[in-house]
């Protein structure tokens, strides 16, 4: 595996899961693999879980790590040719990106959708520039359209807790006061489709995700219907994808908040969320504090997914 | 030792001091102890000495370190249940804190008194939330009411320089243009009482510290009387503790500045301060530059106190 | 070598180059040298290449690294004696600097010219305070008047690409929208003089550099004449040095931009720049993207120059 930006990069998911569980048994057993290898983590957006879990994963493998925090929007790179650079952009990406590649062996990049230009977001401009110009293997630490380290951790968690071979997994939209990217739901949908679970997406009308991610999922606009018989409920907010509302909040309807009444419709489902989560918007206190809530275990698996990915990338150097 | 927040956690001080001096002889002799162990340092307030000395101590022990700078006040965690989180707090501490615990073995926390609510400050709300919810051993890198790594370094320094078994140690208030927490003087008092030195606290009326920290110390309102025969003078500013003036500046009286005339009253005392220090407010240039000033040696011992604490915590994992 | 602030500190350049090429062959061969040694990197100005390359170099040598970002201008240290410190400066350098030295073995400092006071800039006040008061070996990660790690990397690069024993090297001024320090051109001139190449400096009138750096270089005000027969063209902007224009922009004349027509006058010269570079101000897209452009290779050598310097300093501890 050279780059890691989506589920396809992992190849056979069963093999990848086996490697992940092997790592989880003893996360220090491969600590020689990363010796004299350096991970550069570049954050165009702030991070807590992703930074800590990825850095921890790299250190488990014996890697050196360097973190570069690019102030949100403050580091403006010119991307066009022919521009007379006498304005606020001090550097061209064609110099900046290869130079960063000089000082490391693997690059992780976090760069969210900006909701300014849908095409630019969905073309993953920044991530792809690193892949094209850095000269190094690159992995996503959440990009504009996907968050594959999160989705891989989600998959690991479901495999750990599932009671049937092919559980019913429900991705449900829930309200949130700010407009959030579709990276997590897109990516989760992509991975659930690849894992071949029974997969249902439920959201208010207008919140349809990009069809390339929805894939074979069943889309159900009635949240209660969707929850029936669910083994896992995965809650997440996202802003609208479809034109002309791209990046807009269409609803703050708290009747979509996941509560005990709705969870009672499920097959004693586990509750999941990528965190951070706004309580009593996305989910009630009672549900997230219940024994069926596995949000902390899910977050803990971020270290495992990152380590499995880094291990593959190190082996491929 | 599981957590480290105050002098009691160390147990027998003579044993702890012996361990500290053992470390100081060769600070790399325990570099295998921290192998594959990760320290997460969380700063709710900025830091220079504490961050560098603690990180250095952890690296001396072979630990990996991660630093999380929480912009002052910018990371607002919800702490109540039942709140509809549609405002400026994006995360509840009941998710945030356990997740941070997932990615490390030991957590250091710095969180100052805010002077907004005396009860909240003196209950050590933030530090205690980490102890209660992180699932990891926690130590204070200066909390609202105590700065035990500083006090331990102070104790080590006094033991190195003292010329009698039971020296006279004077903690003196001195003026400062900003309102400062009582963490350092509280903690120093607690440790001096525990060390059973002859201990005197001197300050203008109105600056009385919390009696639980004053303990058996003699409180003397006449600074010159207090200095007589002192072996160590420990200067520090703090804002008022007693109601209704909690967190207020009551005096900027520079007649309390430590100068050569006052030091001449002592038993050729050593001068100490936790740094940073404002010259000619707290202490004159002449005194802090004199051979009796041991502020740099005291700061250097911050690495030793942190390493002794981390060593204990690692041994207890 | 104790400190490293200018070319003289390296001694015989041929020996230093030999060491650098030895490192480049296998940059991990000295990974035991830095064991239990800590590098503290202090940035008074922001950095990308310097921080990453120096940190990487230190890790290649097995060192621990700590980074201290001093917000631009935000950390104000008092430097005078006798001042009553009741204002915005919370600490005196005579405490701050020695304490930083306590927690590390080697200190790297970045501190640019501020263009507020020419004498202060050219006296290298901040860098020299660290040398004088930190108690540790200190190296420059770009100071007010020199950028020796850059110049050493430049020298390494020229040695790698030169086709004759004594190539013709041309340092050319080029326009830039902001006033930039003279550290890079000063330092480059100093190193080129020391390397005894055929060295020409070209710039508009008024942009004369400090004669102590110009040394034996030929100064040519006609850029095209200067370029004739050049083997290396090193472009860089700088603000005026000579009084009364110190720190001022005297020209934005884009006829000084390095383009293909001018490069055609050279002996098929290589194009160099320290980066970041503003395209179509300093150099056209065509030139910087041409096969003769070695700006990325030059940047990559920053790791090598830093490692050669750190290796020397470690050997001298």
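For reference, chains read A, B and C in written order, and residue numbers begin at 1 within each chain.
Basically, a residue touches a chain if its C-beta (ideal position, glycine included) is under 8 Å from a C-beta of that chain, and two chains touch if they have at least 3 such contacts.
Quick caveat: nothing in here was measured; it's all calculated off a predicted structure.
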item	value
Chain contact graph, described as a line, ring, star, complete graph or other shape	complete
Subunit A on subunit C, rotation in degrees - Cα superposition, rounded to nearest 5	120
Centre-of-Cα separation between subunit C and subunit B, whole angstrom	40
Set of subunit A residues in contact with two or more other chains	none
Residues of subunit A that touch subunit B when the two form their complex	28, 31, 48-49, 52-53, 55-56, 59-60, 177, 252, 254, 275-281, 285, 288-289, 295-296, 299-300, 302-303
Subunit B partner contacts - residues on subunit C that touch it in the complex	36, 38, 40, 64, 66, 68, 78, 81-87, 90-92, 94-96, 98-100, 102-104
